[in-house]
Structure formats: structure tokens, C-alpha cells
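Taking it in order: structure first as C-alpha cells, then the write-up.
Each chain gets a letter, A, B, C, D and E, in the order it is written, and its residues are counted from 1.
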Amino acid sequence: MVAGEHAPSGGRNWIKTVAYAGLIILLFLLPLFVDSVYYLHTFIITLIYTIAACSLRTILISGQLSIAHAAFMGLGAYVSSIFARELNWTPWLTIPLGGVSAMVVGVLAGYPLTRVRAIYFSMVSLFVGLAIVALMGVFQKYTGGDIGLIGIPPLPSITIPGLPTINFLSSKIPYYYFFLLLTVFCLMILHSLENSRIGMSWKAIAQSYLVASSVGINEAGFRVLALAVGCFFAGIAGAGYAHYNMVLTRSSFGFLSSVNLLIYVLVGGTGSFFGPIIGTTVLVIVPEIFRWLKTFAPFVFGGIMLLVVFFMPQGIAGLFEQVKTKFLHFQERKKPRDVS
Amino acid sequence: MISDVAAQTVVNVLMLSSIYILVALGFALLLTVLGILNFAHAAIYMVGGYICYQLAVVVGINQWASLLISMIAVGLLGLFLERVFFRPFLKDMNRIVVVTLALIIILQATINVTVGSYIRRIPSFVPGVLRFSGVSVSGDRLATFVIGGVLLLAVILFIRKTKTGLQMLAISQDSDGAALQGIKTHRIFAVTTAIGCALAAVAGSLMGAILSLSPFMGDIMLVKAIEIVILAGIGSIGGVLIGGLILGALDATLPLFISGSATDLTGLCIIIILLLIRPQGLFGREV
Amino acid sequence: MKPRGIFAIVVCLFGALALLTQPCLAGEPKTLKVGGLFCLTGFGSSAETYIAQGAKLSEEWINEKGGLTIKGEKYKVELVMEDMKGTADGAVAAATKLVYDHKVKIVIGTVVPFMVQAAGSVLEPAKVLRLVLYNCGMPSEYGPQTPYMFLTYDSTIEGMRAALDYLKEAYPKVKNVAYIIPDDGSVPYLDKLFREKATSMGYEVATVGKWAMTTQDFSPIITKVLASKPEAIAFANGWPQATGSMLKIIRDMGFKGPVFGCNYDDAYQIMEIAGKEASTDFFIHQIDLDSPDMTPMIKEIKKRAEAKYGKAYGMHIWGFNPLYELKQVIEAAQSTDSTVLKDTWGKMKTIDTVYGPGRMGGLKTYGINHTVCAPCPIVALMAGKVKWVKWVDVYSP
Amino acid sequence: MFLETKELTKNFGGLAAVFQLEMSVREGEIVGLIGPNGAGKTTVFNLITGFLRPSGGRILFDGKDISGKKPHLIAKMGIGRTFQLAYLFPEFTVFENIVTSFNLYPKSSFWEALFKTPSYRRKELYILEQAKEILYLVGLEGVKNVLGRNLPHGYQKLLTMARALAIKPRILLLDEPIAGMSLEEINYAMSVIEKIRSQGVTILLVEHNMRIMTLCDRVIVINFGNKIAEGSMEEVRQNQEVMKAYFGREDAA
Amino acid sequence: MLLRVKDLSVYYGKAMALENVSLEVAQGAVVTIIGANGAGKSTILKVLSGLWPSTSGEVYFDNKKIEGMEPYEIVSLGLVHIPEGRRLFPYLNVLENLKLGASLRKDKEGIKQDLEGVFTHFPILRDRRKQKAGSLSGGEQMMLAIARGLMSKPRLLLMDEPTLGLAPVMVVELVSVIQAINKTGVSVLLVEQNVFLALQVAHRGYVLEVGKVILEGNIDQFRDSDLVKRAYLGE
């Protein structure tokens, strides 16, 4: 069963599908309209952080507000780069490897973390994140320490017989398509999971872990599963980032970065799958637009956050919901009827 | 020789702990009474330091007076913050997180734009160094130790011995129950925030004398404050003393044995293990 | 309803503002755009704000002097600055914006090593001439793989050599030296270089104090370093907050010997942080703006900085230097093409810097001869006063 | 015995909430567990369903020792429960509440759920059918698309029962199933409980409202965590000690 | 009338908690509201004491409109709520809990006097005055909660399920306590599930079911009411 599948609005589903398809096609055609490499770069960064933010939300819907997510991103990034740099593995292999290693660490950290809930979870996760970043500082021989790791190979060119070779160093367009595909792929999986039985169990645990376990949902198991899935995609995002940026510093994955990811999710709205996507898009692109404000630019970022918090209690995605409710004149799902 | 290092280390532990305690005290107060994680605490701490600097160095009034004025000014800022930014969101953790993080960004940018980012330091409050048999303590650190201790004691006494303090405790234990006793909860929240912010201002000013001032000085201290409060346990002011001592002890002794980045990792692992054994912290109430 | 209305209005206002004030990209035809990469906010902004101001001064200076003359045509220099926001991400974004949006082929700036690397990942493949101010000696930062990067002034390694030379001269009795360094990844390289130089001069390295980047209080690490009984202490790398704090603690703990810093840091700032009491027997690679021994150019910059910003800092001079050098290179090459400039500069043997005549070097040290070695000024802090010492000639072969 | 506790004890910080409790439930019965407020009834439920670990004693279910097991494993063995305050998933609709509760039969693997394989879809369809049946059984089909938190109290109580049925329990532990209901609702809820029992589910319930006791085959009275009487409702009603404990006075009723 | 509630309705989101509830408490009376868990009894008290907002309706205390007031303003008028589960401050000692009850009062002498009065009423509290409230037994906690309520000089005491978790002996004692309090001129609005207690002390009663008053009248009428007997006495 899929949430929505039993919803009575078959007609609106059709419109939705067309809208999504249209949006994705538009995104695919974007490079035709945007000739600035800088804007492409901004879009690519948005895509990468979208994967990370959506995977963070996957953890969040299971009731776990993690403040370590950027660290898992960094873990994937470093593992992928180290294997690609030191052992000359192809990034096509090391990127999933980065995801897997982030997942493994997520699971290892996750089991003890199931002992704690709510704010205590957040706090211990904060320390886990700090510890992972500290770990990167310890193995500076491989990670380059704070000065950073360079010489990370870019994605290798792809040769498909009959077509021109796709060279990732030639321009940002191949990267854009790679990340667009990766994002669509990751979001599809995350969306599919969220709207499956597993996603429902996560949400059930978040709403009441007592009730959830009374109906046989393995609270610890599902929470670790959420961490595993979330960390896997964070690792993928991080690894992709590494092979795009070709330089890594561990300060990109510290406390403030984790908090930034959290802001993307919270500002976008936790209630909807599209929340983090909207949040990331707004909070990555708008500050770039206001770059010319120089030292005043942070006010834009902070201002957006305050606007959202004051006027959009459910985040930006919640705003759409609010508007929709208003337009539909509080049309309820259905009024309760007498039982007897 | 070894004993010199040991004695100096004991002093280092005490001094560093008092720095940490001073920074974490206001943070713990807000967490206990208002139940909010005020991420902006470290930014308020920075603002306090800058106000003290502006008064003492730029305007040129007496240093202790400027410390006092900074305390009062930041206390008033706290009243404003509580009314406008905290009160509407007290029961909504997600929104409190976003608001306090937004405050960090805005306060840092404000200082960066107005005062500038040139590193400054407030002149010593207590110049000079105290030496005895191979151990030395600078006057400022000693002052921090004393002031930190006095403030911790004062806060605890205030809480235990005054009516307002008792009401703060009551709210921290049961805020609805407290409202039913006729306690003006909003007033207590305002007072608490003002005190918490004033404490941050003291910490910022003293830290401005011991270390230095920069708009971003709070970033690491924030993490330290969170570490202490979580170690102490949410809901415990007295626990800040122990949390601060533990963290101070880790940070002041580990570098003697483990150098560089590994220090961080070891300290964090110890804290994580402590927290997994006692998730509610050493003096926390319940999970 | 109301909040939404307010929000809509605010968004519209911001949007309108953004559209109205978007910098107009259509400049004059005879303008040479030079990018500037600095942290104006976030980590590093404490120094780089002033370096950026210095760079702005140099832009004005060049244009006042009539700009650049290339093949008979006059060019004005336009410095386009982007904020790196103190993060690697920000550095990459800023560099991308400069290269692909502003279409610059020459960039000055980036001081903090990790941002040098991050920006380099964009600038180097785009063949943008980079005029970098600082380097902490890691081969990954600067070497044969970065052919478009030029180190415009003496850096940690040169500063270290000058400082050790001066140590020998001023404190001949010192036998062993301890040095303190942030554990940021550069330790293995700097350690090797430091030991080589120190042992070749007959010093013993007493101990190495590595500190974690998150350190708030340096007392423990200083306690450890002092336990090895060094006669002199060096800061191999660092920034004013750390250097000043450590100097203060070292003196508080009763160490009387000489202490010195190897990198270009503002001595006044260090003194402000360390306090007058502790600021003694300390020397560092830096200029003294008040000394009559400064080059005419430095005096000129000081005047300009005071006129424009009210107060002159050593960082202004540092920030002024790259464009000053670039002017000579462009006039020598008679071109604005980055590859031509690179080749021309690479073949130059000498170049004038604001610090005095510079020589090109670095082939042996870094693997590439793109290092400008100019006289290295030494400034001492003595009894709470900044004291001009002298110019030391250093050269990285 | 189907479900029995042996010397079951639970201490909270030195205070015994349940002390050496011996009780048993036979298969197919409806047993009422009564006692004054704070007598330890809910604690007993929490001990049986694994939400609390007993300080001493054992709990046997169908001959197997289940004391101290994790709640979801106990649920898997066929012990369903409801909560005193109508705990439910407030952000889910009624139907989603029930569908979510189908975790054990049939079980789908991670990969099935991820790729929405035909077998997964088949199982989900089956679950939809089953959920509809339960919905019909408890009579909530009229409100199936209402969010849990918007549901009136009586419906919430019914929903918690419906949800507990989703695990196909062999025994159902109902914690105050009719508290807060109107008279009609009570009658209706009692008929639902009767229907559930007729499907072969054993029921152990806690209730203050004496009306429900007409349903029970047997009543166990506890006070201070200890059993003080057992028997039919009539027998218990005559018991002076029960009267004293339950109604606070000896000449009650 | 000391307290007059007119057509009070409370909705949480779309869920109804109370609908058009009207009730009255006369000066010096003990009035009880009977109803099962979730019937909305506690909601009434929470609205009266200002903890929760009402959706519609009017509440007058001493002819003063009190809804929309902050809890402390309501307390200052003399309407004091002893909440369900007592809501003591478990990490504070008995004396501190009592002092907090007098939060709004400024007359030190009066407080001292009342403290004495409370201690004579509940001598056990005097013995335990340095003990943490959380470590008291259920009965002692109940007494402390009542005593704390008395410290704010109530004119009307709202009691929410005082028998919760009490031993039978204590329930009996509670009856005399409530009667004693009432004798000093304090009106009481008692919310109970324990109908026996309620019937014993109250003068007047209301039966609440699913947010609506379904029965009201003098307590004698209640005893004879089939509805009450059937629903709550199990007959």
C-alpha cells in the first residue's frame, strides 16, 4: 500500500505525475537556458545538498533529529576520495563505497544511539558527528587534515559507442546531468521508502514509539534502518561532492555544516517530502543571488530563517499547504459520522 | 620536574574549567528553566565581549564599570530576545532551533559590519601573574576562577534562596503546575533570559581579556557549552560545575599525553561513552 | 493570511532590490578585471578584510597612476571581490563566480591554506593566474602541479629561515628550540623543513607541540612544551589569536627566552592579544609601519590607508603587494593573457615588491620557481613596544 | 494456562508497584482486572507487554517465559494491547493507523518495500482488505480518512482496539477500553469487544466502569500490586475487602 | 454566584472536548463534576484556571469575566486549581512547595500564619517539611497539594481527582479534609471519578459525558438517579 494509493483523488494524482515529469524535464533542459558555469555550479551544489537534506529528513521522520549528518557526508567523501586517490579505484566504484562506509558507521553508531530518544539523541549524535570529524583530523596522512585533500580524481569520462565521449573535465554540464540523475535516483528511492510500509513504520515510531512497539514494530531496528538509509545517501552525496569539487577539507563537515543541513530541512518544512528540496534550493540559491552584499549577505540568510520561523510554522513547504487549505476552504478529508 | 608539570596541570584544569563553567552557566540556565537550547548563547557572549571592549577601550571608561554596563546592556538584550524571539516558540523545538541559529548569523554579521573583524582584546582586568614554586596563574585567569565560582555560587544561591529563584526551579520542574500557583511564568522566563544573557556577557568580557575578541569567537565555545550541559544533565545547574570540571580536565590533561587532533577524538569518545552509560547526564533527571 | 501578506511584500521588496542593484556587468571596454578572493565573513575574515582593503588601495593606486599600458592602450584595473565566507564551499563558489561570471583571468587572494586549495581546484584548470599571499609549505598547496599559482611574498618557510637566522644573531647563546604548530596536516612537511634548517644551524629541536584546531586554551600544550626546557620557542605557523594567546601564556608561565613567529602576522595585533606585559623578546616576520626604515612604497601605502580607512595595518601592505607585482608583470609581458603572463613571470629573475627588490625562486624548495622572495622584515616586541629590527634577506632556492 | 504471572514483582525506586502477583488467564476468556486508582493494574499490563522489565517473578504465555522480552517481540507472539490514554498515531488517518499496525503478518522485506515488487503489492492489497475488515468490525469505516488527532475521544478508543487487532493477537490487553465514552458508545464498544472475543481472542481488561464487568467471565481484584480477590463479578461484589479497597468504605453500594 | 460558566465550548483543532457546558458554584458550596476519564472534566478546570483557551462561552468569577486572563491573574482573584496528578515540584522540599503556593502574596506575616494553619491542619507536613516532595507517599503528596493550594488564600478551590492513587484510608480522610476546608468558607469544585467520595461531600453535582453535561442537580437527586447508579455505581 502506498500513502495516496488509497486516497480517493485519482484525478489529481494524474496532474501530480504530469507536474513532476514536467519539472524534471525542465531541470533536464536547464543547461540550454543557463549558459553561466557559475549558475550551473550553484545548481550542482544545490543538487548535492538536496540529496543530503532529503536523507537527513529520512532520519528525521523516524523521530531522530540528527546533528551529525554533515559528518556522514564527509565520511563518504573521504572514503571515496581515499580509495580513488590511493588505490586508483574508479570513482564509479568508490562513490557507492563511500555511501556504504557511511552507512556502516551509521549503523555502528546507531545501535548505541537507540538507547536515547528525542533531545538526548540529538545531543549524542552531535558528539558522534564531532568525533567523526576529529577522526578525519587524526588520519591526516590520508585526509590531508585541515589544510585539505587535493588530487581527488574527477569522474572518468564515459564512452558510449556511437556517441561523443562525455568528458567531465570539459565543462560543468556533464556534472550537472550526473548529479541531476543521481538526485532523481536517490530521491526516488527515498520517496519510495518513505511511502512504503517502512516509511510508515518510521513515522509511527516518531509519533509514538510506545504504540509502535505494541503493534510489533521493532523500534530499535527501524531507527537503525533509518540511520542506515540516511547515512548511505549522505555518504553518496558526500562522495559525489568530493569528485566534483576535487578538494576536501574537514571543516566542511563540522558542527556548523550539520546544523546548516538541519536548517535546510527545517526551513523547507519537515512535514513534506519536498520540504528539504525547497529549503535547500532557497537557502543555497538565494544567498548566492545576494552575494554582492558582501559582509551584509549573512543578513539575507538569517532573514530568510526568521521569516520562515515567524510566518511559516510548517516551513516553506507548509506554506503551500496553508495556501492550499485556504483555497479549498478548509475542505476536510471527511467529517466523522456516527458509528451506531 | 614531573611534579611541576603535575602542579601546573592541576592549575590548568581548574582555570580552564572555570572558563568553561562561566560560559556554560547562562546556557544551562536557559535550558533548565525555559527548556530551550539557546544556540545563540555563544553569539550573545561575543556581543557582551564587544560591548565591554567598546566601552573600556574606545570610550575609555573604567574597565570594571564597562563590564557591569555590558552585563546590564546584554541583560536588556536578553529581555528583548525572550519577548520577541523565544516566547512565541517555547514549545516548538524545531522553530527554536531555527530562531537561535538565525540569531547567531545575524549577531555575528552585525558585529562584523559595525565593529569590524580585526582581532581585539580587552586589557587585563587583573594584570600580573601569580607565581608559586613552579606554578603560575595569570591574574585574569584567577579573576575568572573567582568570578566564575562566585557567579556559580550566586546563581545557585539566587535559585535556592530567593523567591524568584524558587519560582524558576518550580517552572523548570513543572511549568503548568507553576502557573497554577500564581507564578508569573512569562516574567520568570524574562528574568531568566536576562540573567542568562548577563552571565554570557560576563563570560564574553572575561574571555575577551584572557583570549581575544572576534565575531566568530563563540563557535567553538558553543560546542563546549553544549558538551558541558549535556554531561551535567539537563535540568541541573549545580551539575555544570562537574560537567565543566570533567571537560576542563579532559582538555587540560589530554594534550600532555596525546598530541594534536587525537586529543579531540579521545575526549569526544570518553564523553560519548559517558553519555551512553548515563544518557540523562550525570545529574540529569530522566530520559 | 496576514503573515503571508507581509512575507509576500518582503519577498517582492527583496526581489526588486536584488534586480535593481545587481552590479552592472557592462563595463568600459578598456578595463582589466582582476578577481579578488577574500574571506569577508566567517573564519579568516579578521585578517582578510584588511588584506582586501589593501588590495582595493592598490587598484586605486594603479588607476591613479594612469592604469596599465599594454601595447599603447591604457587599461584601467577593476578589482572584483568575492567573499569566500570562510569555508571551502564558499571558496569554490566564489572562485567559480569570478571565473565564469565575471570572466576574470587573474585572481589575487586566498590566504588560508585550505581555501587556497579549494579555490585552486577551480582556478587552476581554468588557467587563471593566481597571486597567492600565503602558503604553509605543503607540497599539495603549491608546486609543479599548480603552474598558474604565484606566491607573491615570503611565506612560512622563508619567514622561518629569516627568523632562525635572526635568532642566531640576536640570541647566540640559545642551543635548543621548541616549536609549536597547529595540527592541521602541514606538520610532516614543516617539521622536516624546520629540523633541516635548525640542525644545519646547530640547533637542537627540544620538542614539537602540536595543538588541535579546536583548542580554546593553550595552557596545557605550553605546559608540555615548557617541560622540555627549551631555550627558545618558535611558532611555525599560526594566526594572531593563537600566537598572541600562546605568547601570553608562555610569559605568564615564566619563560624568559626568545619567542618568535615564522609567518606574516600583524605584530600590533599580537601585542594587543598578548598584552604589553607578555610582549617582550618576541620577534616575527612583519613590518613596522612607523619605522623610517620602510620602503617608500610602504610609506605611500600607509598614507593612503590612513586617508581611506583611518588606520593603516600591516595587512594593508600585504594586500597591496600582489597587484603591485602584477602591474610589472603585465607591463613586461604586454599582454593580459594569463598563460603569457605566467610564462613571462616564470622567466623573470627579479621583480620589485612593495617590500623592496624581489627575486624569483622556489624551484628547489617547492618544485616551481614561482615564489617571489623579497626582503623579509623582522619586528620585535620588546617590553610592550613594537620595535623595528631590520630587513633580512632570504631566498628560497 | 494461557497467560500467567508467577510472583511478578516490580519496584519503582524501592516502592513496590506490583508485589508477588499471581494471576492467570485461560484461553478464550474475558477477564477483568480491577482495583482502585494506582493499584498497579497498568503496571501489570506494562510488565506483560514488555514495556517494563519485571524486578522479579516470571510471566508465562502459552507455556513460554516472556518476562523481560522486548515489546515488539511480545507483540509478535500474539499479545496485543491498548493504552489507557488513547495513544494512537495522531498524524495518520484512521485507516493509516490500522494499516501501519500490520507489521507482522504478512511481513515484507526491505527490498520488497523499496522496489514495490509484485509480492509486496500483493501483500499490501491483502493488508488493505484485512484493514477494511477490521474497520468494519469496530465500525470506524465512516471516519476512515479522518486524522487520528481530530477524532472524537470515543472513536480514538475504538481505533486503539482496531489497531491492536492488526497484529492478529491471541490475547488482547485492553486498558480502560470504555473510559470517557457516552452510554451509547459504551454499549457499542462492549458489543465490539464481544465480537472480538467471538473471533477467538482472549481478552484481559482493566476498567473502572463497572458496566463492562458484565462482559467478564471472571474478575481479578488487585490493590497495592497484589491480588486481593478473584471470581465472578457477583462474588467479588460481596467481598468486603474489595469493597473497602475499591470504594473506600465498607458500606458502599 | 461565585462561579458562573455559560455555554463553554473547547475544541482542540477539530476535536471537540467540551460543548456548551454551563455550571454554577455558589458561595460556600461544594460542587462536584462526575464523569469518566476523557469526559472533559479536567478540560473544564484547565479552562477555568487559564491554562487552556476556550473556543467559546463565558466564565465569570465573582461577576468578573475571567477567560483570557493569565493563570496568575486568576489565582490572584482567589480561584485556585489543584491539578490532576497533583503536579508538585518533586525536587523541592515540602516547605518550598508550600511557599510557592503563596507566590502572589506579599504579606509575610499572613503567609507565616497560614503556614502554621496548614501545619496544624496537616501535622504530617510539619514533620516532613525538609523532605523532597517527590519522596512523599501518595497520601502525603495529596495533602501537600491541598495545603499548597490553601497557601494562595483561595475562595474557590478546584480539585481534580484528588483520590488518584490514594489508599482507601486516605480517601476517607480526604472527605473530612474537604469538609474542613469548606467550613472555613472556601468553596470547592471537585472533579471526581470516585463517585462515592463525590456523593459524600458535595452539595450539588453535574454529570459530564463526552464533553456535555447530561445531568445536574442536588446531590440527593443524584443518589437516586438511575443514570448515576447504572454508569458509575455499577448497579
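We adopt the following convention: contacts are C-beta pairs under 8 Å (C-beta built on N, C-alpha and C of every residue); 3 or more make two chains touch, one makes a residue touch a chain.
Everything numeric here is computed off the predicted structure, so don't read it as measured data.
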With centres defined as the mean of Cα atoms, the chain at greatest distance from subunit E is chain C
Contact-richer chain pair [B-E vs B-C] | B-C
Longest centre-to-centre distance from subunit B, chain (CA-based) = D
Using the average of all C-alpha atoms in each chain as its centre, how far is it in Å between subunit A and subunit B?
-> 33
Once you find the CA centre of subunit C and the CA centre of subunit E, what distance in Å lies between them?
-> 73
Please compute the C-alpha centroid of subunit B, do the same for subunit D, then give the distance between them in whole Å.
-> 49
Multi-chain contact sites of subunit B, meaning residues that touch two or more partners | 108-109, 112, 223, 260-262, 264
On subunit E, where are the residues touching two or more other chains?
-> 14
For subunit A, which residues are shared contacts with two or more other chains?
-> 134, 137, 140, 145, 295, 297-298, 310, 332
Full set of chain pairs in contact is A-B, A-C, A-D, B-C, B-E, D-E
Subunit B residues within the subunit A interface of the complex = 37, 39, 88-89, 92-95, 97-99, 101-103, 105-106, 108-109, 112-113, 219, 223, 226-227, 230, 234, 260-262, 264-265, 268-269, 271-272, 275-276, 279-280, 287
Subunit A touches which residues of subunit D in the complex?
-> 49-51, 70-72, 75-76, 80-81, 83, 87-93, 95-96, 99-101, 103-104, 108, 110, 113-116, 120, 124-125, 127-128, 139-140, 142-147, 150-152, 154-155, 158, 160, 163-164, 166-167, 184-185, 188
Of all residues in subunit D, which touch subunit E in the complex?
-> 36-38, 84-86, 149-154, 157, 176, 178-183, 185, 208-211, 213, 224, 244-245, 247-249, 252-253
Using the touch rule from the top, collect the residues of subunit A that touch subunit C in their complex.
-> 36-39, 41-42, 45, 134, 137, 140-141, 143-151, 169, 245-249, 251-252, 288-292, 294-295, 297-298, 300, 307, 310-312, 319, 322-323, 326
Counting only contacts in the complex, subunit E reaches subunit B at residues 49-51, 70-72, 75-76, 80-83, 87-92, 96, 99-101, 103-104, 148, 152
